[in-house]
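Structures for review follow.
In what follows, chain A forms one complex with chain B and a second complex with chain C.
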Partner chain A sequence: MAASLGNWGTGFWVRLVLLALLDAVALWSSLILIADGSVIMFLGLVIGVLFINWVYLWPRTEALRWITPGLVFMTIFVVIPIIYTSYVSLTNWRTGNVTSKEQTIDFWEAKVYVDPEAEGTLFDLFVYTDDSGDPDGFKLLLVNEEGQYVYGDPRLRTETAIEDGVEDEGTFASGEEIPPAEFNGSRLLTQREVFQLSTQVDFKNLVVDTDSGEIVILGLSQGRVVQASQRYVYDEEADTLIDTVENRVCSPGEVTATKGNFVCDDGEVLVPGWVATIGLKNYNTVATNPLIREPFLRVFLWNFVFAFLSVATTFALGLLLAVTMHHYRMKGLRFYRSVFIIPYAIPAFLSILVWRGLFNSSFGTINRTLAPLYDLLGIDPIRWLSDPTWAKVTVILVNLWLGFPYMFLLATGALQSIPSDILEAASVDGATGGRAFRKITFPLLMVALAPLLIGSFAFNFNNFNLIFLLTQGGPPVLGADIPVGHTDILISFTFNLASNAGRGNNFGLASAITMLIFFLLLLISAFSFRFTKRLEDTYGGS
Partner chain B sequence: MKRRYTIMAAVILAFSLLAAACSSSDSGDAETTTTAAETTETTTAPATTQAPTTTAAPATTEAPADLPPLVVWADEKRAPVIESIAPAFTEATGVEVQVTLVDFGTMKDEVSTKGPAGEGPDVFIGAHDWVGELATNGSISPIDLGGREGEFTETGLNALKWDGAQYGLPYVTEAVAIYYNTDLVPEAPATMAELTAACDAIEVDNCLGVPGGNDGGDAYHHQPFLTVDGGYIFGYDPGTGFDVEDIGLGTDEAIAGASLLETLVTDGYIASTNYDDAKNLFMEGNEAFWLTGPWELGSLEDQDTVNWGVMTLPTVDGNVMRPFVGVQGFYLSAFAQNAAIAEEFLLNFIATDETMLALFEADPRGSAHIATIKTISSDPINATFAISGQTGQFMPNVPEMGAVWGPVGDNFLALRNGDIDAETAMTNASEQVTTVIAEG
Partner chain C sequence: MAAPDNNQELEARVESAAKSGGQSGMFFAWRKAKEPKPIYPKMSGKVWLRTLGWRHLIAILAVIFSLYPVMYIISSSLSGQDNLSAATFFPTTFDFSSYQVLFSNPDLTPFMTWLRNSWIVSLAASSMNVALAAMAAFAFSRFRFKGRRTGLLALLLVQIFPQFLAFVAILLIMIEIGNIIPAIGLDTLAGLTLVYLGGAIGFNTFLIKGFMDSIPDSLDESARVDGASQWTIFTKIILPLARPALAVIFIISFINLFSEFLLARTLLSSTENFTFAVGLQLFTSANYAASWGLLSAAAVVGAAPIVLTFLIAQRAIISGLTGGSVKG
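On to the complex of A and B.
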């Protein structure tokens, strides 16, 4: 491949067009990002695209050209999620703190205080226009049940009262049509026109001043006489909310516990608040709160055992089958191999649910089949999913069924790659059968398979699907301080914590645990790869 | 060498500018995204008329702005009904209705996370026990029913109240009753003693099927037992709502109710069945009674193995079992692009006799709309479920309920499996709920 930058061949033009396309898309998305005000995304995009352009345009970046696609995917699918999760783990994102600070202020400023004493007459609302084309040229007609009406100009609640807002007042005679199609020279707007107008006028913030008080507009077809006022006013200078009803000042919380909420000077914390960074508080909670630490240890231990046994059992069965199939006198290989792949071909999501039904202790096929045996031995039926120990066994068994085809495929491939002359040489030296397998085949297999086993361990460590679909973490640990199940692994425990914490969701805390799981796996993997390296040094390079 | 790179850079720049220009006018994908961006811009203008200067439209938007569509999130059963009334609304108002299918189970979290990002709905259908969490998050707005409160049941309205304000338009109230096999039990028993006597008289795999045993914990279906002697989860006062400090799970009354369940379990009247077990046994004709809700009416109507009827929950020594009442309603998002229009939609197009009846027919759970209840109660089955809805207590709508489902379900499960007795179960549950709330 001599199609480097030096010549103007086809490869060069293809590269040019692809880059131009990429730049076009990037340019277009960056415009949207700017319009949205997402500065960080915009900067990330610009840096990424500049990097890609540099790599593919400048000379002497040949090595980078091969690895860049990989780098891009790694960034998008691995690095960014990790960065985002670690960011969330430093925030108080949970029920009650899900919006931005601006949205929180909007929320409180939109709170209308209605004097409970003054809740009064309900009016029907009709909108009239003078058809002058002036967007201000509309008037409201409010009619109550008795036919009494008020007609006049509205104002926004935030504005000062209009002195002569009411143009006409009176009572409709009983036979009169309400609303009249024409009133004081103005035309009744159709519903469609009212809706059109509502995109320009904030109806829910309109007020009509009358001598007997304000009529607050409730929507597009109703108004009510009430005493209503904006309760909280935001002071941008001081960054405080002023409560006009109870005369108190609320400022953003200072200590970690109240960060992200306005705290009033009488001590009340205003909920909702916003998503704020709270440093390492979530990690601190994991480490110090005994209610999390105690189940965390129990869950961690089982998690480790589960992942280890999952890999060990699937690998053992897969290897056994592969070695059996590998024997030269084995017949019908194609058939057996197809059969062994079946569990791998059925979506795990389905087969787990099927297994759940089969293992049902009262009505499942397994216990119904075993019923005569139980009678013979005089024991109670095994509670596959609701007994603490058996539930763990069941989880491992189902995972064995799901996982062995993968190991079988791997081991088959690796076995075929071991040159037969090594084994022939060994047999000449007197090593045959079990001894040859132990001393030669197995170590050579491990060189190829060990990294994959580590990957399998990491996968099973976070095997949320299996636990969630098969046992939901159950059976419950009786008498535990907080709800936790005997088969809960860290990720399912975290999921419960995130979605069913004391008051709704706690994404911040869940992210902190997720990050801990991530570092844990990183550590285990790093350690194991070192071990593999040693294996490779000893047996590899043949 | 230098010159070549300059040419290349120039070519790329020209090409990409051209492509960017094309993409915003020609290509379909680009089209929709840009218009979406435009609509957001135009509609945020009126939404921010907090600024005192604008009484009406800003001078710049003289031509009538395109009305943004009304986005409704509903699950697959209710969505078709909303879609069927959409043309009438568009006809009358010029506002398009966009119905988005969202799974009921994920609706609450989707609303909480997508609303603030500006990708949420204007109106959505949800369960009443979300109201606390959603209001706490600032995700929903109160609505003024404008004097039409009388059209809805009190339970429905109260369930959707939070902090004194009415959030949402109630439309479903549902509670469990008991289905019974009329071939096995010709006459519906009125008391628990009659019920067990009826089972003694026949040969059947399981007498009373109650979900929440075997391997699937379930606090919801055990509520009738918890309440039969006056037990409760959180103390309730109609004025102030639920008091999460007052946890009634460990009280003598709650333990007495759980003991009734324990006795029925140990005497063999209630087998350890999870939801599907209870259902399958009944459907096969191997269960005399099945305690569950109106959402299973459809599956019973679809089969012809068993003849069945519906009865109210039996009394126990004169005490009434009070099931959980679930209310569902239409919520108004706090991030609605045009709340006034959304409210009009709810009050004048959803809260009508026709729509309420159509919603009931699409998914026959009990109604919260009084006129609809009257219409459907000519059917004895609907009438029976309506009685359940009236005797029950509505599920607490505080976010702290998140801390209740797990522990209560777990401990009832252990009780059903014979692992612990009633007193331990209720004390454990009470302690766990207390700790989780305190810690959360």
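On to the complex of A and C.
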């Protein structure tokens, strides 16, 4: 193994240039990380980059040089996420608790209090745009009764004051049109446009800084000069926020329910708070809170039933077809195989979306095809996707279509690999037909296929695409405290917890359930390990 | 765990256990390459029915089942109608207006942009994935070093957990990365590609290593005697010989990524960055009954190249899927 520092070939120079580039990017990134105060990420970056440099500069690291590129990506996007998931599952990370404690304190310290008694001058408000398309590219013109105006950039009340927010100050001459259609090169927005802008910008939280104080925006048309005071002051020594208006002290929550938030001595919890570790609380919630436990158990149970039925139905059909076609005089095998492979070849998300249309209960082709049958039996059309039980049947049916080709291919392969002399010997002993299949062929098939069936079980256990694209987990379970549906499996349930905008994201709880899935997968793998060993001991000769 | 000298058996078992929709150490070939066709005596009609007829009947029922939705989407895509209730099994018209809308890449639902995004991301991620996995596999197959066995086991342990399960953590990590380098952060195709790139490396490494193990060492030896470097051996000997296996793994990775939905949905947020799966899902969830023709045309355009690839390369892909050529 020659390559080392001593080798001055092209390979060495390529490596050196790539390393230099990597180090440059890493240096630049680490500066940003330091500025942001992300200590853990900074340390991770430094260690990672030092490792890479060591691997490619030190002479005797031959194998690692080949492994490291793949290892880096696997570490960042598979290993670290798994570890990170376990960390997040121990936190209260959710809507309202997404920042660090320092950021939370900054947020509360930036809160101003406006005394309703102390009214200042009232201004009319006009909005101008530079038509750059940038949502922040608007400016405010504030004019009082005497025609004095202030023109400039607003800021959000939660942001720190900007030095040069005011671009222009002065007085309109009497007789001048107020507001002018164009001002300092910017165009006056129509009322309609202002209204539209107000859906993106929280006008009531805007402030324009002037020399004589803040002009607080009161709505879409007015602003007022006020003497705004800082409401919360952070006492670093006592680690408390002091509310100067209501004269109360707010300290970080002690019990798990309020950890990550300041709790005032009158009992009010200040939201937002920060990300705090809360131990096993999320796991506890799943286990004990009946409003979460019930839906969780329902999902958990169905997840197993679904994965089992998925494997059982697809394997049954695949095996039936394989056995049917496994005859030495059967013709057209190549054609049949080409057709059966099509459901497998079509990208699953496309066929699932199509099936969803076909199963549509009012317009779908399936119910239209079955219409005569419904008439004959005098029953209502089946609501394939919105009836809790039928939705489950639909999920299994669609999965059967998606999954039987793979099972057919597996079973065919396994059938062909069974030596024919075994079956001949059996037929000499009087075992033929069904008996030979039950006693010899099937057990041999299972030895070969059991690990793959368990693999398929694990795959279907997390078949997010099927559930989410077909039913979105629905129909919804009524009366549950968290969003959950009758066909939800753990991963789609987790996805809803993590991304359901309406009820807020609960990353902590979602991660706790992800950890449970990880644990279940470990169990399944361990089971697969032992199970295949037992099968081999029983049937496998070699 | 098995004794250390029981290496091969252990690996085979670990590999089977590692799920992934299933590759095993099982070997099989669809049909032997060239076998002379035996001549069988003619059957009478009755005998044919009893031995083969019912087999064909079942097969034909399965053919209908397989093609049922396929026929519907093909004919709806040609119906020129967006009405779900107008769908028929066989095409009755040949109206290409749905395709025209599709190819016109409408502003609000830019199908072609989504499709292009999917192709770019899946191609880039799966090709780089296979390249990096092949390099790692080379090391595991050809070098003897400390921690080799542990490394292989670790690879498989990690791959028990599908990457997408950790989508929350990946989202949070991508937010952080985006703060430092926005070009590869949240809501970028480059960022999604990097995430995908990391996804199946462990398992692919393992598969490719299995194949490389079946390439005789003596080839490297003689090359080394001639003064070839490791890099030369890798690129000039091993890679060309491993090409069939690499191609299959590449195709399978590509298709998996092309269909990936959860991570793409989590990480992408602006319409022009959507992949085909994310875009179509949002498009259809708006209103099914009213956009059926378009959805059908989109499904045909999205699926056609992949189905064709499958049909053309089916023997190689099947043996790859079921373990044959990959394990060697």
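We take it that the second predicted complex is superposed on the first by the 315 of 542 C-alpha atoms of A that agree within 3 Å, B and C clash if a C-alpha of one lies under 4 Å from a C-alpha of the other, contacts with A are read in each partner's own complex, and residues count from 1 in each chain.
Throughout what follows, a contact is a pair of C-beta atoms (placed from the backbone, for glycine too) under 8 Å apart; a residue touches a chain by one contact, two chains touch by 3 or more.
Predicted model only: the values in this text are computed from it and were never measured.
S.K.: Between chain B and chain C, whom does A:S427 touch in the aligned arrangement: first, second, both, or neither?
M.R.: In the superposition, A:S427 contacts neither chain B nor chain C.
S.K.: With both complexes overlaid on chain A, does A:L320 touch chain B (first), chain C (second), both or neither?
M.R.: A:L320 sits against chain C, while chain B stays out of touch.
S.K.: Mind working out whether A:T389 is in touch with chain B, chain C, both or neither, as first, second, both or neither?
M.R.: In the superposition, A:T389 contacts neither chain B nor chain C.
S.K.: Which touches a greater number of chain A residues, chain B or chain C?
M.R.: C
S.K.: For A:T244, select first, second, both or neither according to whether it touches chain B, chain C, the two together, or no partner.
M.R.: The answer is neither, since A:T244 touches no partner chain.
S.K.: Thinking of the overlay built on chain A, is A:I32 touched by chain B (first), by chain C (second), by both, or by neither?
M.R.: both
S.K.: With both complexes overlaid on chain A, does A:S132 touch chain B (first), chain C (second), both or neither?
M.R.: So A:S132 meets neither chain B nor chain C here.
S.K.: For A:T95, decide between first (touching chain B), second (touching chain C), both and neither.
M.R.: First partner only.
S.K.: Could you tell me if A:T199 is touching chain B, chain C, both of them or neither one (first, second, both, neither)?
M.R.: first
S.K.: Does chain B (first) or chain C (second) touch A:N284, or do both, or does neither?
M.R.: Touch partners of A:N284: none, neither chain B nor chain C.
S.K.: What residues on chain A does chain C touch that chain B touches too?
M.R.: Touching chain B in the first complex and chain C in the second, residues 25, 32, 36, 356-357, 360, 362-363, 472, 499 of chain A appear in both lists.
S.K.: Contact residues on chain B for chain A in the complex?
M.R.: Where chain B meets chain A, its residues are 5, 8-9, 11-13, 15-20, 23-24, 30, 33-34, 37, 41-43, 46-47, 49-50, 52, 54-59, 61-62, 64-65, 67-68, 92-95, 109, 112-113, 116, 133, 136-139, 144, 146-147, 214-217, 271-274, 276-277, 280-281, 334, 338-341, 343-344, 347-348, 399-400, 402-403, 405-407, 410-411, 413-414, 417, 419-420, 424, 428, 431-432, 435-440.
S.K.: Spell out the part of chain C that touches chain A in their complex, as residue ranges.
M.R.: 13-14, 16-22, 24, 26-30, 40, 43, 51-52, 54-56, 58-59, 62-63, 65-67, 69-70, 72-73, 83-85, 87, 89, 132-133, 135-136, 138-140, 143, 145, 148, 151, 158, 160-173, 176, 179-181, 194-195, 197-199, 201-202, 205, 229-231, 255, 258-259, 261-262, 266, 277, 280-281, 284-285, 288-289, 292, 295-296, 298-299, 302-303, 306-307, 309-311, 314, 318, 321-322, 324
S.K.: How about chain A: which of its residues touch chain C in the complex?
M.R.: 1-3, 11, 25, 29, 32-33, 36, 38, 41, 62-67, 69-71, 73-82, 84-85, 88, 317, 320-321, 324-325, 327, 329-332, 336-351, 353-358, 360, 362-365, 368, 401, 405-406, 409-410, 412-414, 416-417, 448-449, 451-452, 454-456, 458-459, 462, 464-465, 468-469, 472, 491, 494-495, 498-499, 507, 510-511, 514, 517-518, 521-522, 524-525, 528-529, 532-533
S.K.: How about chain A: which of its residues touch chain B in the complex?
M.R.: Within the complex, chain A touches chain B at residues 16-17, 19-21, 23-28, 31-32, 35-36, 53, 57-58, 95-96, 98-100, 103-104, 107, 109, 122, 135-136, 138, 155-156, 158-159, 191-192, 195-196, 198-205, 218-222, 224, 271-272, 289, 291-292, 356-357, 360-363, 383, 385-386, 471-472, 474-476, 478-483, 485, 496, 499-506.
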